[in-house]
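In structure tokens below, several structures.
Across the two complexes that follow, chain A remains constant while its partner is chain B and subsequently chain C.
And then the complex of A and B:
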């Protein structure tokens, strides 16, 4: 493999990694606050991707409209989902929430997968490149990809700033650190959790828009993507939102390079095996820090 | 008063379970006489589901783990038996191979698996199932890839139905015995409090591993029988979500940790599934999804109520 195609692969790996990182950041947000391992996270990505494709084809300036509307709408769907399905069990027993949450979100993932398959059939979704290519020496980068790269950086920075410097972000971090103390000073666990879930779903939808612009999406992509992102946050071992970002980038690059060298079908096998192997060496990765999930 | 109520309750349950066992025994005994292809397939599906649900219950009900990859062993057993059968081995050897391979995989994977906390265990088992599905698709020279592996028509096919019902009976009785044995008590104790179990000297990891192997073996054997009966294996079916989530639902639906609960749920759900599949074939994932959501929402009510 020559240098140029290697760099090209690396670039597309970084883009895939950015999508993983966004997905994992949303999941980590949910996990930190709620102790919720959300198996339906990637299904929102797929839903958003298909909605975006339809909108883009149907309406002039559909892509801009989609980037503004779809994450908000998906966030709203996330909020409704949380209130209708997860809020009740969470309120009843926050400490015994993990098993019901796994069951409910897995069920939701299956329902969403079939919903997409019924609405859009089993055809793949993809969006054609609309912008002119940018030439950097021998490397070519389409305008779409450059834009996405910039948006990913901006989005991660915005997420970080929101968590650090706003009241609602502080509430979220407080709740993740110590639920009891946060409740004592007047933070509503259910309200803040709903906010975290809403934002996570919005982020997942955003990742979906990126994914469908860069690659193609099938209705059955949701669960495998969610699994990879979940293993990522488990492996990265800290309930910080920023830690999975670097892990996501690494995974994306690894997977793309393997796909380039050995063929696409091995990429996700080796990626998943790597994650599982890492997990075997750090079985308590997620739970080593104190706070919500102190080892009893 | 409450103790009286619970006694009456458990008596009713016992009567119901006797009824269920009787009904399924009649059903099971009638199976060798079925000649109609559809009825034969339906009965076979029911046997598969009963076996998977009850073998799952050792992990899910007695030990209380959420195990999302039970179908992994079903698929592994299926492929092991199919590969042996395809090379001309006798069915008995192939089934033995299926069980041995399934149990070895369970043994090997149990070392890392039981180091995880229960939630991560659920994730990892789902991940393993997905990995197995991808692997069996990619190793196309052995498994035929996504197009599937079809077996030649066989002379031993009359044996698959009887062996399926013998296996099912063994699993039902085995579950009944295990639940009342020392192992069953230890499992229930670990479920209720791991620290307590450890403090009275139970070797937690060994007990968990035994439960895992005991639950994997019948699934792998049934996978082998399934491969012979259906004569066709595809990764998306052998390692599909049906054979993994079905048992979870059947176990949790009525009363996890009892013999009759998963048994009745398996019989009932197979019938419902059959009706739904024939009337609206496109909605079968949503059915699983809706059931899982319902079970999850009931989960905390049940815990706080009981």
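And then the complex of A and C:
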């Protein structure tokens, strides 16, 4: 393999890592920080993708409007969902929250799936990519994927800074560490968690807007995407909002290089086996050292 | 004593006659022709055929508006009565509902579900109960290798899916090499295997054949390889989501063969690709401008059903199935399953998509025509007697599309 091809593969792998990180960002915040495994994560992504497609086709400047409006609206839906459906069980028994949360979010995922299917009549969604490829000498860069990667780096840094340097972020970390102690010192568990869930849902929606410009989306794609994101979080380390970006980059580069060297059919299986083997030695995830709990 | 024996013999004979001879006397005709189908209204195939129950309903209403189908055995027109179930895109459910259609709804004719896996399962029930079964969009040869008697399929077998394209390439004599990019799933692999052989027979050199997992998110390695090989044709044997993702990256990485062929380039294909979809060649069962069958009736049914042809490119195949069913019923003139099945197997008619007849294993002759996207519309480009447009080869550069 010549140097240009190698660099092109490396670059594409890095950009693919950004896409993986984008998929996992919302779930990472929910699962890693809040301890809530939101099975409706992918369904919010799908809902946002369809809404974006409709808005983009129906309204002038629909793309820009979509990027401004849809994450905010989905965040609002997330806030209402948490307050109405998840707040009760969370308030009653924070220790045993995982099981009811799993069931509630699974139910929500199915409802959202059907809602999308009814509203958009089972058709596929797909939006034209408006970004031109970037040419760096002999190397080509997908404009869309480059934007996703830049956004993920900024977003991960912003989330990390929020959790570390703001009051609400500190409250969230305190809740993640010891809910009872946090409540005793006056932190509202439901209010703080609702804020995190709102941001996480907004991130899922943001992922949907980008995802639908790269790939096609069907109403039933939600749960498979959630599982994909969950895998990335487990491998990267669930107690950090930055870890999925590192994990995504590693997975993306591994997959692309293996596909280039050995053929595309080997890429996923070898990359995933390598990561799972690493996980045997680092069961808390590959990128947990600087994680949330260490930040204290 | 003797008269009692005679009476007993008469009663036994009457019972035997009642049991053995089907009640088909013209004096007691059935009240309707019962037809049944399962449609993937929900589940993964809903994106392909979700609203097709409406298409069935529109067809039945259209036939019934004209008084039904004339069956000479009963010397009257009988209306169609339809039973449809949602198979949820699941093979076991399709089989279960096919059983129900036959045993509970007592249908005279079953239309198969969408896709090969579902048809493979559902057709077993029709074979077991000896009821005519018309498979619509199910071209995996595995379905027809089982020696079933009670099945016919509208469309040709998967390996021949693009034979007309290779015929055209050979006749034109412009392309010299082809590289295959294949989605690793049942239907695309089946089409690829047949196409590879047909391409070789057409005199093309096989530059590469990359079988890639269906959920591939980055095609850079494949695209780089193809850029080096520079084949005349890049042939993408894939379902639409895979083909869209590949084409997006092909444009980003400036892969520029003389032609892209995506076996499925309808449905949502054009929308996310925009100008990148221009000049892509693929397969269409029907396009406006073709002169076979009764296009006006087809378009009217689509309108009644509220179905958009571009979004649901399989709808012409269903129309052909309706035409086949109507003609077979009319020619059989009876609802006797054996007669109806034999009529179906020996049928030769011209449908919306062209002439159809069935091979001994039940596989039909309807095959897709090569079509090219030109200024956002599908043009059939081969054979000349069917073509609605001219084949543009080589494809203009990306920036000129």
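What we mean here is this: the second predicted complex is superposed on the first by the 209 of 296 C-alpha atoms of A that agree within 3 Å, B and C clash if a C-alpha of one lies under 4 Å from a C-alpha of the other, contacts with A are read in each partner's own complex, and residues count from 1 in each chain.
Methods note: a residue touches a chain if its C-beta (ideal position, glycine included) is under 8 Å from a C-beta of that chain, and two chains touch if they have at least 3 such contacts.
Being a predicted model, the structure only gives us computed values, none of them experimental.
Asks: So, A:280: does it touch chain B (first), chain C (second), both, or neither?
Replies: The answer is first: A:280 touches chain B but not chain C.
Asks: Of the two partner chains, chain B (first) and chain C (second), which one does A:89 touch, if any: first, second, both, or neither?
Replies: The answer is first: A:89 touches chain B but not chain C.
Asks: Does the superposition put A:104 against chain B (first), chain C (second), both, or neither?
Replies: Only chain B is touched by A:104; chain C is not.
Asks: With both complexes overlaid on chain A, does A:231 touch chain B (first), chain C (second), both or neither?
Replies: Only chain B; A:231 stays clear of chain C.
Asks: Which partner does A:118 reach: the first (chain B), the second (chain C), both, or neither?
Replies: first
Asks: Using the touch definition from the top, say if A:255 reaches chain B (first), chain C (second), both or neither.
Replies: second
Asks: Applying the touch criterion given at the start, work out whether A:223 contacts chain B, chain C, both or neither, answering first, second, both or neither.
Replies: First partner only.
Asks: Could you say whether A:272 touches chain B, chain C, both of them, or neither, answering first, second, both or neither?
Replies: The answer is first: A:272 touches chain B but not chain C.
Asks: Mind working out whether A:8 is in touch with chain B, chain C, both or neither, as first, second, both or neither?
Replies: A:8: touches chain C, not chain B.
Asks: Jot down the residues of chain A that show up as touching in both complexes, chain B in one and chain C in the other.
Replies: Correct list for chain A: 117, 265, 268.
Asks: State the interface residues of chain C toward chain A in the complex, per the touch definition above.
Replies: 41-44, 46-47, 50-51, 184, 210-213, 215-222, 224, 240-241, 244-245, 248-249, 251-254, 267-268, 271-274, 311
Asks: Help me check something: in the complex, which residues belonging to chain B touch chain A?
Replies: 66, 68, 112, 115-120, 122-124, 126-128, 130-131, 134-135, 137-138, 241, 245, 248, 252, 282-283, 285-286, 288-297, 299-301, 303-304
Asks: Going by the contact rule at the top, pick out the chain A residues touching chain C in the complex.
Replies: 5, 8-9, 12-13, 15-16, 19-20, 117, 121-129, 133, 140-143, 212-216, 218-220, 252, 255-256, 259-260, 263-265, 267-268
Asks: Under the definition above, what is the set of chain A residues touching chain B in their complex?
Replies: Listed in rising order, the residues are 37, 85, 88-89, 92-93, 96-104, 106-111, 113-115, 117-118, 223-224, 227, 230-231, 234, 265-266, 268-269, 272-273, 275-276, 279-280, 283-284, 286-287.
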